[in-house]
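Next come two complexes, and both contain chain A; in the first it sits with chain B, in the second with chain C.
== the complex of A and B ==
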């Protein structure tokens, strides 16, 4: 060891400034490097200031929603709309019960003639498909035939005028010639179309056609030439007749069902008419109250307008109008009187409804009744049982709350807040009352995000582990940029992909309709076509066991969730890979030294010690998903309703709306400063808070559980 | 370009200087006054007419009260005049003149594979408010109805609510689409779909408009088709200023004026 004195510690201050040579100009004692330093420092603080301003602006706009919302609820109560909505909730529950029972009834009746109806539908489907295929030609033929008809009519009218008759006859001959020439052409094309097996795919129609029926359909399609009216199709007319007969017979069998059903549905009529009357009164009250609410503003505007005009006449007019603005408060008690007067009447009518519904429902068949044969019928009867319970509950609840309703009971602050955060309805631009309930949007956003995470996490974490631990350099150089490239795809492009490709694929798959088109590229390659047909067959078979399938929508949470999963893979992958990278080499070396295999090292040492980083990566991925707008707006289906969780996992096959989507969709046209505008800001605030909290938690996890060497 | 603008503005200035600018006061319907008439007024001014407009859209009834009080030159209305209103004019010795400003007509569309080709207005209302949820309830093959509507910022959203749904709120099961195009494409692909679109979109692939109350969707049925209304201008005979009359003629018959009617989604007269 040398005895040399250690070199003097470098002056840290000088060192920091030493990046730029200390010469050149000086202004106020500040040199170039000082300016550069302050420039960067200034930029950083500018970013922070802007962020704080955004937070302040958001919070200020959003929190002013609550007083306005409370005021809105107060008017809603004073106008009597709250009272009427309770009656409406009874009627809605009643109508749902009646609807479900009716669908069950129809399902039973229609089942009797299902084969006939499906055959007729098959004919229509094939006809439409052929028409699509021969589109241009069939339009021309139809036009030609119409011209012939018109000319014949004209000819009859012009019988007295020989010159005109001759002229028309010539035109007629020409038109007939054209139609006659087009008809065989159309036949040729139609026959070619009918030879194509694709035409005979009947989508959701379950009917299996016999050869004889195919011939009948083919014949019927060819005979119903475009432009010909009243073509007789005896086979199908007979089918229609059989269908009608069978239905009539079935209706007789279910006559008792129908009687009780009608009794049940008709029971609410008096209550409906009461509700209708009260709706009109409440709507009028509402108008009066809204007018009073805005009167000061209107008056102020007129006075200001008068100030601004030069024309004395105009000014006098405006001042007069301002005078005329009704400023006096409406008589709240008088406005509410009709509702108090009807409480007893409502009690009587509701009791009638209850009695009639109970009697009718008891007499109706239950889901396990052997007389109910169709699965949809049973399903709807089960739904009806739930509806029935709901109706009874609603009737009991309203019976209790309605007499206690007071128009002047103040709306509590908590209620105003709760109606937003726990509200189940988001109804805007309504002619009745706007409701701002967050729940449907929140559940939509969360369900989509959860699905996206469940799909994305295994993929991204597994690929991160593979790339970081197992892949060779060349694989790394291929996989990493490829995954990171996903981030470069604009979300609007993914949205279009979601609507047109993924959505259509998912729907076809869910309905078990996947197939290889013989006209496509794949269809033209013999062996590959067989392979793809096999895959399609397998997927179609799998589809029967997927919850929520078949679905008729293509814009669903499933679709949005899958796309978002794809979008978020790079985020999670990159961050997780970083976390794996940060595991000190000494750990793996120690593990190998102890004789652990590669796999053991990865699973027991590397992954556990980077777990905090992986969890943080997942959380940041979640933050990315929940804030994504374009894809959910385009693809999630925009249905503002809390998804029906009774469907189990199938809930994801339903459409939903999201918090980001509602802002994008509605912010464009609302008045600045209106309550609707503030509601959207508050939704934004909720989103912001969610992102902030997830980020915060991610940082904490990283800081707390980070394993150091 | 610049030169033309200069010359144009010079002409406008000169024209304005020569005589006091005529002022046209238009009052009435919100349907017309929200977009169509202000845009027409703007285009009319840009076409070189030296007039100013005052437009107030507070509902069709105000068209008649203001005409009666003499505080408006032209009334806008999305319904035709009631006989009681007509009587008031007659009592004051005035005769009202009606101009057709355009038609508002909305088509209810279903998938072309759907066997339901006809609905009553009541059924339409019940479908869009969520009371009817299955096609079997209106005579089709069983299947849950997928209802597509415009989103709340669209004027058609509101018009449809007023004309077809008794002003009731849309059911929670409806899906809010961004535009006519999107509704047409979803219904065209979904055998259980139903939606509504402006007249210009009913020709899209895979969809057919249904008859409502037995009436086909066709501009010539604008009087009988239930989800349609005629949009009117009203004026008083003998009291209409020359400038206002010139504007009305332009707005109802000049191609430049009727083009705007179509642009805002109505049918031109």
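== the complex of A and C ==
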């Protein structure tokens, strides 16, 4: 341009106005086009604004949690609750030891009469099942029989009054007639129910019944009609008696065990009573301190109320009440004195407990003792060994820390923060003290996510490889939309499915009780029923070897993890498939040219070069799982407790709570601005941070290890 | 690289002599086995999906569809809102199930009827009209807002923006926003839209405790009090949540338009905006339509963000029946029932019994069918337009 000869100036101006005229207004030198541009730019920056606002709103609430939390801890200390809780921890360790030993003892004693007890239990199970089946009829029969009883009583009372007697007799005859009419009906239904093999699958009590026993049970069920009291069942009465006799004999065999057990369990009684006294004092102190803390606010409220009211009498009353609010600080030293006084006493009692427990425990049988015969007994004794070590450790620790305890030692900022991030309890709305500890929620969330990933990654990566590398065009067009459909299933629907279907299935499976119901759709198809019965048998056999089985709960981490795995399959699949798709064709072609087979190419060329994408996909899947709310809230069992890791892999069979779940569950019921509310926002903040970090790492991996063609 | 030397399984001489020789049978067997495993993994996922759909359809369909004439379709389920279900018996043991209002009417009509064994199941009677309407309204607000902002943002990113710090920041923000858990959006919506959004209100409507500033002594206040628990708050929260999805999808469809369209338009003397409006947007529209349907599918199923911002478990009246303050805020300022929240309530917050099952499975069935229809629609639209628009 600059090298061309300069065109005449008027020409250039005309050109501008002619072919490309500049129309419109200008404000501050900005034309319409600029405004349009800035409008769009403004909308684009919305994403940044939203992200910043999220940070602001979470942080604003979350960081105001810490001062309040620290204040709470200070009161907890000043009131002496901290002191008492240390003694309580000793007692808890002691009672856990005693409990485990007791279960071991009971299991040994009950083992002697297991067969009898199981038979009695089987009778009860069948009876309940029959009652369920004949529910309506049996209730009516029972009602009728009761009416008959009542009328008979009334008749006796009204013996003197002939008119009433006649009336009652008529009613009685009618009621008896009704009962007599109902009884055969009930028998018919009950027999029909007893003929159904389903009823003999006894829940959670796998007893192999002999035919004779079946007949006995059947007979007993039919004889104990609803509404009849004191039916004599000789077979079962005899069973009960044998069971009691055998137990008595067994108890004698374990008499020594029992003596030592009782000695061990009784050893803590003096400490318990000391703790009980101190708990009362601490609770009273706490009330007093809380009152003092809220006094200014209460007084202000009363004064404001007095200001606002028109009625002079009401105002005088409120002013008087405001005057009466106790404003002066309590005497902290006096409040704490009882605790200091008891330190020596506690030391003495704790030493007693230790001595008694050591003697008793040494005398008790160990897990490998041949006298211990039942597996649960051995298992509980093993648990008791761990409990014992824990108790000794706790006693030593408390013995050291308790004399050093000071009620006026300031609570440091770090402690306030640590008690949240490393706190082992999340207890709210308690009358003692509210604890806000993240650990139970964090472990729950992470365990569920890990399980879900372990299940989801192999399936989704395998199917991504299959669809991308092995499947034909038509198969691709079928599978890809199908997996997208899975993504469209709302999480609440999956949670619903988990509660009603998967939960029951898992529990039944874990107890080895899977079966094909003869009434269902599958049960009516001849060949398919056999196939399914075979599958059920196989699964039931597998269930014996799965850690953590049998489970007594329907809602567990396992359940939630499986559902979440299913939920994240589409996410990981789509991203991994993208990554595989991005591998340049030249790579595969080069590999084939070297003589590699299809599988070799896939496993040694395609997958390694798209590994960064797959890892990023897994990370993004993790982000999705840990942020998922509804499935976890509905299905994970919502038990706020750090799962018991002693169970090994069986830890997944326990219920747990999660970070997302706790927000969803509790936020609706909390006062706005309270410490609990802020704690929940802080949990949200932790979640937000985790998701940002995961995202960031995934992006970095993608950017750094991306293979270019 | 010679693969045979690193591979102990393959017989060495064959590999050296002839690289095209057939593989050993053992190798082929392994190859086939791995292939089958991949195959099985894929179809196992589909089987699980099929089972879940099947279970819900088999148990849910009977609630909606009947077998004989009056009641091929259970219309009641779509014309009533959830109510308490009263189950009772007459002395002869016949069982009756009536919704609470019907029950009251029945008792008034038959004063000498002896009600035995009355049992109440909350939320288990009636139908799902209220939740359906609520979800539709929430989705509507959300999609209008999200599409407006998302489209504008996408136009900026694809048509105006050049590489630079601002663009990088926007892209980073979008990526990160996409990964934020939905419950965190719920907290955010509660904090911003429910509790602190600035509103201009008269003195009568001020919320106690919220910071407020009087404007020019006019009796009108700028009050940071938020919308409260309302459709508007819920819809906006959902809109913020799917913003990244919408932006990305809109951008994709803008990217698909060939550069030549814009260049031709600019060469003809159109301004930038004119060329976007006439030469780009019309052709990008189908893609955006698909994106918005996809967005609706996702938003309709979300529970966590609306739990604290919009949803109510129980409402007697539909939104337009409620005598509100009137006007825009009066209507959109109400809380609503919503399908996912309703399912949460009936699935987890009420005691379970055989009488609650029809409501549970019925709601889930209807909801699933709706969501699946939307998902199919988006798949259909994509395939349809892919065939039609080619350049």
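Heads up, the rule we're going with is that the second predicted complex is superposed on the first by the 656 of 709 C-alpha atoms of A that agree within 3 Å, B and C clash if a C-alpha of one lies under 4 Å from a C-alpha of the other, contacts with A are read in each partner's own complex, and residues count from 1 in each chain.
FYI, a residue touches a chain if its C-beta (ideal position, glycine included) is under 8 Å from a C-beta of that chain, and two chains touch if they have at least 3 such contacts.
What you see is a predicted model, and the numbers here were worked out from it, not measured in a lab.
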| Taking the superposition as given, does A:459 touch the first partner, chain B, the second, chain C, both, or neither? | second
| field | Comparison of chain B and chain C by chain A residues contacted | value | C
| request: Report for A:89: first if it touches chain B alone, second if chain C alone, otherwise both or neither. | output: neither
| said: Contact-wise, after the overlay, does A:533 reach chain B, chain C, both or neither (first, second, both, neither)? | reply: neither
| request: Tell me which partner A:427 touches in the superposition: chain B (first), chain C (second), both or neither. | output: first
| said: After the superposition on A, what does A:110 contact: first (chain B), second (chain C), both or neither? | reply: first
| said: Quick check for you: in the superposed arrangement, does A:639 touch first (chain B), second (chain C), both or neither? | reply: first
| message | Which partner chains sit in contact with A:668 here, chain B, chain C, both or neither? Use first/second/both/neither. | response | both
| task | Examine A:629 and indicate which partner it touches, taking first as chain B and second as chain C; both and neither are also allowed. | result | second
| Those residues of chain A which chain B touches in one complex and chain C touches in the other | 633, 668
| query | Which of the residues in chain A end up touching chain B in this complex? | reply | 95, 99, 102-103, 106-107, 110, 117, 121, 124-125, 128, 203-204, 376, 425, 427-432, 440, 504, 507, 552-555, 633, 637-641, 655, 657, 665-666, 668-670
| query | What residues of chain C sit close enough to touch chain A in their complex? | reply | 1, 3, 19-20, 23, 27, 30-31, 34-35, 37-39, 41-42, 44-46, 48-49, 52, 55-56, 58, 93, 148-149, 152-153, 155-157, 159-161, 166, 169-170, 173-188, 190-192, 195, 240, 243-244, 247, 269, 271-273, 297-298, 300-304, 307-308, 340, 343-344, 347-348, 360, 364, 367-368, 371-372, 374-375, 379
| query | Once bound in the complex, which stretches of chain B touch chain A? | reply | 112-113, 115, 131-134, 136-137, 141-144, 146, 151-153, 157-158, 161-162, 167-170, 172-178, 186, 189-193
| remark: Listed in rising order, chain A residues that touch chain C in their complex are 19-20, 32-33, 36-37, 39-41, 43-48, 50-51, 53-54, 57-58, 60-61, 136, 140, 458-460, 462-463, 465-467, 470-471, 479, 481-486, 488-497, 499-501, 521, 566, 569, 594-600, 603, 620, 623-624, 626-630, 633-634, 660, 663-664, 667-668, 672, 680-681, 684, 687-688, 691-692, 694-696, 699
